[in-house]
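Consider the two complexes below, in which subunit A is the common component and subunit B and subunit C are the respective partners.
Up next, the complex of A and B:
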């Protein structure tokens, strides 16, 4: 009889040992972000020919008549846009009579046309709107140059740099 | 008595298969040795690689085990447990379904250690250290992923599973 009970107990405890394998899990995550690019779409910042008339003049280029850039990056991320005024110098001659280009920068989201533009201050962010897995924002750059009556004639050139970063 | 014997015989036959699968592992420790149920639970940390900007060059990113996810195994003191796990595939299919773009996969290679930094490989047998009435073992899980030069962007996810058994 003891043997029978022992056998039954063995069977019951054997069933307990069936629950010997357990597991746990963790989600592995990584967000791969498309690197940023900024490319020129069209336009230039050529103010053309200006006739010196002995008075101060303000030269203006509207953003939609200037340069259009496109920022390409990760959808729905924000890109920080930075830029500075640019000095324009007489070709082959760096002197105190340089011209100062004051940029005016706008963005139109993922709209390639100059529609509902928003001003972009240097250091502010621009949202990259999704376009089939690529984040896009169009940037428009115009600006103004103040020409004094004392400026020498000649071709003035300078480099305007605009940077984007996450 | 015949009736009792018949019932016992029927019971024996119905439970015969599970009983035989346990004979080898249980007989050495005796029937009376009731085993503390085995468990493995996540305690802290995660396996989140965060945000990685694609640079166009292949890179390997790693999470050190101590910076990753901590699992605690609880079971019978001084018993050995077998730890099993495998590399897993992460994919960005959910992200692509929302934003568009190309699907891609990444392999997550787990790196598992104990508290003292001893590497644990899948299939290894580890003793549960006595802690009062329980046996415990901490497993730290980190790992690495290889990101290809042309890896599609997006949020990659996968489920890492770790199993333990007596």
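Up next, the complex of A and C:
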């Protein structure tokens, strides 16, 4: 009888300890990323004066003699580099003939000098190496222009565009 | 009539067991964290309650054959932190919703900064809560992961 009484008492009193509230937690998270920038460091893509001698010529500019860009962004992220050949048109004259600039693009990681360059094809990615908390990659642009014997004399000019995106 | 007394006692004990012997009668779980993903420094980002990156909770009570009223309170961070760097975070009515069903249709929005009363919830009936938010970063923020904690408190009234 005492056992039954004790059991019933336990059932009645244990309600006091019954848990009527509960907690649950969730994490809020965001990863802040540095936006991408590309800046010209030095150089140009000026091929200078070319003497037309009535034959086809290939004008070449090595990447380390062309333009050096730096891509700035988030450390250890990868940036997609895209570019296209550029057409150069004869200035101040109506002439249907144009020159085609075929770019050659290389990267040297976070090295500002042209050492151990790697070729960068359009649409490929470049790793932004950590340099004091900033992701950096140096890009070098050279290229070639094919001049035919039929091209007119004059100044040819065009725009070469290189784009970067995460 | 006397012969039914043991049966009544037995049923009464069965009734009492779940809420007395089992010390916990309300359960809450976090099903998803609130994730803003990658955000560019200087930009703002918003997650709605319908977004798959919104925080998601579920809770239920186990008091047999009873309908209960709940008081739901959210303890919300004011900032997401990374060391001493911090990003303000805001929670508005459009960011929070609850429903008895795990679906977008029929959700009821509520102000996450105030307590929420949910009445007449049957036993083992899940209640879902979704929570988004909005952050605004500034150019002075440092890159990397910033985080905070949302605490859901569910109380049976």
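Descriptive notes on the structure:
To be clear about the criterion, the second predicted complex is superposed on the first by the 142 of 166 C-alpha atoms of A that agree within 3 Å, B and C clash if a C-alpha of one lies under 4 Å from a C-alpha of the other, contacts with A are read in each partner's own complex, and residues count from 1 in each chain.
Simple rule for what comes next: a residue touches a chain if its C-beta (ideal position, glycine included) is under 8 Å from a C-beta of that chain, and two chains touch if they have at least 3 such contacts.
In this text, all values refer to a predicted model and were calculated from it rather than measured experimentally.
In the superposed model, A:58 lies in contact with neither subunit B nor subunit C.
When the two complexes are overlaid on their common chain A, residue A:132 makes contact with subunit B while staying clear of subunit C.
Touch criterion not met for A:159: it reaches neither subunit B nor subunit C.
In the superposition on chain A, A:74 makes contact with both subunit B and subunit C. Taking subunit B and subunit C in turn and counting the residues of subunit A each one touches, the greater count comes from B.
In the superposition on chain A, A:150 makes contact with neither subunit B nor subunit C. In the superposition on chain A, A:22 contacts both subunit B and subunit C. Applying the stated contact rule after C-alpha superposition, one finds that A:33 touches each of subunit B and subunit C. Common to the subunit B and subunit C contact sets on subunit A are residues 11, 14-15, 17-35, 74-75, 133. Those residues of subunit C whose C-beta lies close enough to touch subunit A in the complex are 13, 16-17, 19-21, 23-30, 32-42, 45, 55-57, 59, 77, 80, 82, 87, 89, 131, 133, 135, 137, 141-156.
Considering their complex, residues 11, 14-15, 17-35, 74-75, 133 of subunit A touch subunit C.
Remark: subunit A residues 4, 6-11, 13-35, 74-76, 130, 132-134, 166 touch subunit B in the complex. In the complex of the two chains, the subunit B residues touching subunit A come out as 4, 8, 11-12, 15, 18-19, 22-23, 25-26, 31, 34-35, 37-42, 46-56, 61, 69, 71, 88, 90, 92, 96, 99-102, 106, 108, 141, 143, 145, 147, 151-166.
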